[in-house]
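Notes follow once the structure below has been shown.
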Amino acid sequence: MSKPREKTKDSISIAITGSGGAGVMTAGNLLLEVAAQAGWYGLMVRSSGPQIRGGEAAALLRFSHAPVECLDDRFDVLIGIDWQNIHRFADEIPLDASSVMLGDPDQGEPPEVFSARGASYVPLAFKQMAKALPGSWPNMIALGLAAGLAGLPADSVKAVLQKSLKKGGGEKMAANLAAAEAGYAAASSVPAMARLAGQAAHKAGKDARWLITGNQAAGFGAVRGGVRFCAAYPITPATEVLEWLAPALPKVGGTLVQAEDELASVNMIVGASYGGVPALTATAGPGLSLMTEAIGLAVAAEVPIVVVDVMRGGPSTGIPAKSEQSDVSIALYGLHGDAPRLVVAPNSIADCVSATQWAVHLAEALQSPAIVLSDQYFGQTRAVVDPPADIGLVGDRLKANAGAEGYKRYAITDSGISPMAVPGTPGTAYTADGLEHNERGLPSSQSGDHIRQLDKRAKKLAQFDYGERWAELEGEGELAVVTFGSCTGAAREALARAAAEGIKARLVSLRLLSPVQPERLAKALAGAKRVLVVEQNHTGQLYRYLRAEYDLPGEVRSFRHPGPLPMRPDEIHQQITEWSRS
Amino acid sequence: MSTKKSSKKVSKSSGKTRAKPAAKKTAVKAKRTAAPKRVAAKAAGKTAAKAVVKSAAEFMAHAYAMEAEAAERYAEFADSMEVHNNREVAELFRKLSRIEQRHADQIMEQMGWKQSPATAADVRWEGAEGPETADPTELHYLMQPYHALQIALHNEKRARDFFAHLAKATKDVGVRQGALEMEEEEAEHVRLIEEWLKRTPKPDANWQADPDPPVLSD
Amino acid sequence: MNTVAAAAPLTAQAFKSDYKPIWCPGCGDYSVLSSFTKAFAKLNLRPENVAVVSGIGCSSRIPAYTNCYGFHGVHGRSLAAAAGLKLARPDLTVVVASGDGDGYSIGGNHFLHACRRNVDLTYVVMDNHVYGMTKGQPSPTTEPDWDSKLSPGGTGLRTFNPLVIALAAGANFVARAFAGDPNGTAEIIAEAMRTPGFSFVEILSPCVTFRPEQREWKQMVRPAPVTPTEDAARAARRLMSDDGMNIGVLFKGDRKPYQPPIGKGKKHPSDLEAEFAL
């Protein structure tokens, strides 16, 4: 451990694997906390088999002294507490000749698929080491080892572990501290690894960094935006949004109810919001499919609601616990009839707070449903982030005054927004209806009413000033990468690498997918000759949408692949460099 | 009307209503003609079997409730016929509604009531509804004035029989006097409607025929 | 029930809107509408404090015919929307209107869970044993041999017994009413609304267009020959053996309504940040 390191690098990636009972996720989470304690940035992606208990699991970590938004192209270290079925993670844990594998020789050799990549192997008898320290767990040895290899301070390991074990009752504290120390010491037997470039920087007080998952962040953003009602039906990988909100909402005067299915949860939030209380639910693809009818009701009846869709592999049940950006089309087009709606996509874990908050604000301001397109990568990844600033926007709908003369709920106005009466207000009772209606809200099948109300609903979204928040715009150059969501981090890193090689390119990460912003995008892409649309799905859903709705300048290419493999910086970087040189 | 149905108390009297001599019935109801009506399955008189009205004021409150409910029901029928583009029958029901409403208003006036008596909402009849209130299931969108008048005739007969029964059942002199007057008046209505029916063409056997099937809605 | 005492009591008529029903002349739902408004007047409610929530079907057209706040949602989901509304706004009186197709078929799952959840709602199902708005298809309460275009010769399926199912699922109040008796029905609805928790009122409401034989119901219904019980098992046994024509309140329990607190917590969202901050 004390060997001098000559090389430095911008980030360090470590994977810890093992089967059920190995405590992989616990070790990974503690390692992330150690890094946070040491003033590092980092994140941990979870990957696991389909088993509820006992399945193979991988904690995929990356650390840096600068904010980390995505996984790297490769891993420096793979620690296998055991190797059972770990070969299934071969694609998710790319190794190369400079990678090191550490494993317990008593558990057999590392899977061939890893060794074949030329990674070196260092055996380490985790189980025996743990046995020598009665009451200790092998994963604590792995934790110490990983921390040692990464160059994290031993003090941080100790501090985090003490705190964590104390929470668990302090049992076997000494043994497990000793185990982590033993693992830490064992790191010195491993060939030297590059150190992190730059300096760790602690932040405290208001600027103290947060340790948060995207799902928690979406829940918190909802509360910040003013959501006080949630109806919940569990679904992987969105459940944690709901579980976070369950205790949080009552603290701020809200409530959460568990529904019998997604049909109920979405209709419950429509009912609650009709009652004047900003409301949200969270789901994933299968749930969103079920919810589309009621989201259409929210369009027609102009009831603000927010649906967070934590995207996972589809179609159908698909790959529930792994990420994919394949709900773009259903979010944009998935309602019957001409049904304008808001679709907002966060582009980082921290942005899950702000984007969700913004979505609540927009939904309330525009009396419209808003779909927030998060994904499993954001939702279940835990990261050290700079605290997301409160964007200062809360849900505030235009309400009707009591006894408003000749009140018309769906009055045609310049903005398309008409005052919404909250039940309990005297003199403004109306019926919210999914049937097409006239300005009063009474059912009408006449063409004039239909056109007026269609125009009204389209206009209010189209005319609204969404400000600068519609997209993140970075860099300049004739090549532009247009992307959204969790591909943004990888795209940003790819552009940084290209810039270091002298290739200029710009990044457009769309936060507002719907309604379209043709003028803004045209301005953002002014002068671009090549547009590369990057997304994580099989059919290029964003690409097709952009081609259909926008006039994109110059040559336009789609770069995409489906989940569950994340979009990695290198693959985008390659696209950029190859295209730039051609 | 189902007479098998419903138990319930007949009515409650409210101390609020001012006791005034009952039923100086006005010479109203210049209307209705006659013709036979359908089965009056259960003798309408039975609807009042347990009607024990204890005071004249209470009696008038009943009479008011009966007229008001009948007026309201005919108005609903008129609305329904209007929505279903049966203008002729709509107008007829509107007329019947106005007549019943006028009776109700007259009672108000006569009793010096400023607003409908508090008992009215709570008045319960022996049958499911007041003896002059039309049965909604008798409507048909293609019905003709003849059918509407048959409904009206049936109701007037029931009303007549109700008052007749009440006159017999009551021990209160004021009530009996009022009931007899009302009975007479309803009997006059029966005659008027029977006359009216005679002037009204009878529907063809296939009056319900509609070449088009029902329409799909929601 | 949260009845805000009104200064001047309103008449039933004051709860009707000026928008006229499109129901077929003769339809039982007209009478149910009048029972709604009579019940609201009886309970001394104000229109602005009542919300009438419905799904899709003939019966579900009812909200706009009242002067109350109305919500005409999607097919089968009225109970979910109503539960969301009531949980978010416990101060409102929420009445849900449905039919046998909307409530027992497409909305069947929500029916079960609404009974279980026992939110303080009054659920009124206008049952005419047929899908009317789609022109006469069999519903869950249609007799197995009832012939129709969609199910020639009948479905062959046994009928759904909504009252017994409501009892088994935990409804706190179960009654059967008949549209032909709007006053009696109004009393039952008012009692259902007075009773805390989930109250279920099934109303036999004839469809004169597709089930003209239901005009005979008025000859067939009778007051239930028993007094309401607080014993769900007993009520269920009675209902399993009756012919579906007994009218009245059949079960009244005392389960506490489900109403998680709302509006109590006073923390500011920023107070929650501590959980994330390092």
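Going in written order, the chains are labelled A, B and C, and every chain counts its residues from 1.
One rule holds for everything that comes next: a contact is a pair of C-beta atoms (placed from the backbone, for glycine too) under 8 Å apart; a residue touches a chain by one contact, two chains touch by 3 or more.
These figures come from a predicted structure and were not determined experimentally.
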Central chain (by mean CA position): C
Pair of chains with maximal C-beta contact number: A-C
Centre-to-centre distance between subunit C and subunit A (centres being mean Cα positions), rounded to whole Å: 42
Cα-centroid distance, subunit A relative to subunit B, in whole angstrom: 69
Separation of mean Cα positions, subunit C and subunit B [Å, integer]: 30
Subunit C: positions in contact with at least two other chains: 56
Residues within subunit B bordering two or more other chains: 218
Junction residues of subunit A, two or more chains touched: 435
Subunit C to subunit A touching residues, read off their complex: 19, 46-49, 51-53, 56, 63-64, 67-74, 76-77, 79-89, 91-92, 109-110, 112-113, 260-273, 276-278
Partner subunit C, residues of subunit A touching it in the complex: 36-37, 203, 208-212, 216, 220, 223-224, 228-229, 231, 248-257, 259-261, 263-277, 279, 293-294, 296-297, 301, 384, 387, 390, 421, 423-435, 441-443
Subunit C-touching residues of subunit B, taken from the complex the two chains share: 1-2, 4-8, 41, 72, 76-77, 79-84, 86, 116, 121, 124-125, 128-129, 135-141, 143, 213-218
Complex interface listing, subunit C residues touching subunit B: 11-13, 20-28, 30-31, 34, 38, 41-42, 56-58, 60-61, 133-136, 178-184, 206, 208-210, 215, 218-219, 221-223, 247
